[in-house]
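Listed below are the structures to be examined.
In the two complexes below, subunit A is the common chain; its partner is subunit B in one and subunit C in the other.
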Partner chain A sequence: MLPLSLLNAAQGLPLMLELKSRETINGYMLACDTFMNLTLRDVVCTSADGKEFKKMDEMFVRGTGIRYVRVPENLLDQIVDERAVKREERRRKAGQ
Partner chain B sequence: MAKTKLSDLINRPIRVFLSDNSEVSGELLAFDGYMNLVIADAQEVSRTRKGVEQTRTLGLIVLRGERVLSTTPAGPAQDRQGRLQTNLDSSVAL
Partner chain C sequence: MNDIDDGLMPLQVFTTAASLLELVDKKVTLSLRNGRTLFGVLRSFDSYGNLVVQETVERIYLEGKYAEADRGVLIIRGENLALLGEIDLAKEEELEAKHAGLEKIDFDQASDEFAKRDEKLKEDFLEKEQIRLQAGLFSNLVADHPYRF
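Moving on, here comes the complex of A and B:
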């Protein structure tokens, strides 16, 4: 499981990311690409000092500006489950 | 034998030093060629110029590799519940 495929699996889920400027962005991820560019919806931006908040419907974040992305804790378990289901399906198809 | 590759540190607690004088510690789950890291139970320690440390709990994160300076192992392997894992090396030693 590569870092970018983990991010890919987080589509539609709420994320929190911190930029190099220390601003944080909360929102639901719509899509991401191999540059770590992200599009988010229902976004709240928080300034570096935590005093100012900006609300936006949709936002594009350039990957180069990101420090880290926080993903939901249960995402890993979800991926493991999904993989198990897929494996089971494949096995059933192969058996037919 | 000394563990020298990043792949040897997978599922182990590590400390990552970043170029802005901060560090992130947690369990390394995955990495790629950009040195993007997936870290579980991540804690960020940032230092101000006066040497004051500030710790923040981040949880499961994807850390962008651009600012990673170095990584170092930070203890024996543990599973996600925090229990010590008896790996092959230690069972041979016993």
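Moving on, here comes the complex of A and C:
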């Protein structure tokens, strides 16, 4: 599971991102691309000092400005499990 | 280090991002370029050095104190990474013993103190830089530049 495919799999899910400018952004991810550019929906943007909050309906974040993205805890395990199931299915089909 | 010794390829073939291959699923420590330190399990990486880290904990160490906060699953953009190292599980107990001697404080408070210390570093650097420039010298970026800004 490459980092960018994990990000891809997080589409529609709530994310928390920290920018290099120390601002944090919480919202639901609509889409992402290979540059890590993101579009988000229902966004709350927290200033670097954590004292100001801005609410936005939609937002575009340029990938180069991102420090890290926090994805839901269970997503990674869920994908790993799904892949294991698929692999098992494929193996069974190949065996038939 | 490399287990892949089939006699066909020289050892230590992987030198760039691929050298992280043997650290996958291991407990690692990360230093980011902003000076923050993370601990977690490395799950994946790509050629940009982007990482996926699970069960991440962020720790701030100050003099005689420390603070930590859970960060869950993180996708870290590679360019922010300064250092990544494997944690020796045998020595982890020692680390925990050291923690017992430190006072655990609130993360937000530690974060503020850390930011202040950072600000101080920045001021000191700019002051030295000013002296150097006045003396007609080149700036000494390598020796003094606190990498975080």
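Rule of thumb we're sticking to: the second predicted complex is superposed on the first by the 86 of 96 C-alpha atoms of A that agree within 3 Å, B and C clash if a C-alpha of one lies under 4 Å from a C-alpha of the other, contacts with A are read in each partner's own complex, and residues count from 1 in each chain.
We take it that a contact is a pair of C-beta atoms (placed from the backbone, for glycine too) under 8 Å apart; a residue touches a chain by one contact, two chains touch by 3 or more.
Predicted model, so just to flag it, every value in this text is computed and none were measured.
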| item | value |
| --- | --- |
| Clash-or-fit label for the pair subunit B, subunit C on subunit A | clash |
| Which of subunit B and subunit C A:41 touches, first, second, both or neither | neither |
| Touching partner for A:86 - first (subunit B), second (subunit C), both, neither | neither |
| Residues on subunit A lying within both footprints (that of subunit B and that of subunit C) | 1-4, 6-7, 20, 36, 63, 66-73, 75-76 |
| Complex interface listing, subunit A residues touching subunit C | 1-4, 6-7, 20, 22, 36, 50, 63, 66-73, 75-76 |
| Contact footprint of subunit A on subunit B as seen in their complex | 24, 29-32, 36-38, 40, 42, 58-64, 66-67 |
| Subunit C residues touching subunit A - in the complex, by the definition given at the top | 32, 34, 43-46, 50-52, 54, 71-77, 80, 108 |
| List of subunit A residues in touch with subunit B within their complex | 1-4, 6-7, 20, 36, 63-64, 66-73, 75-76 |
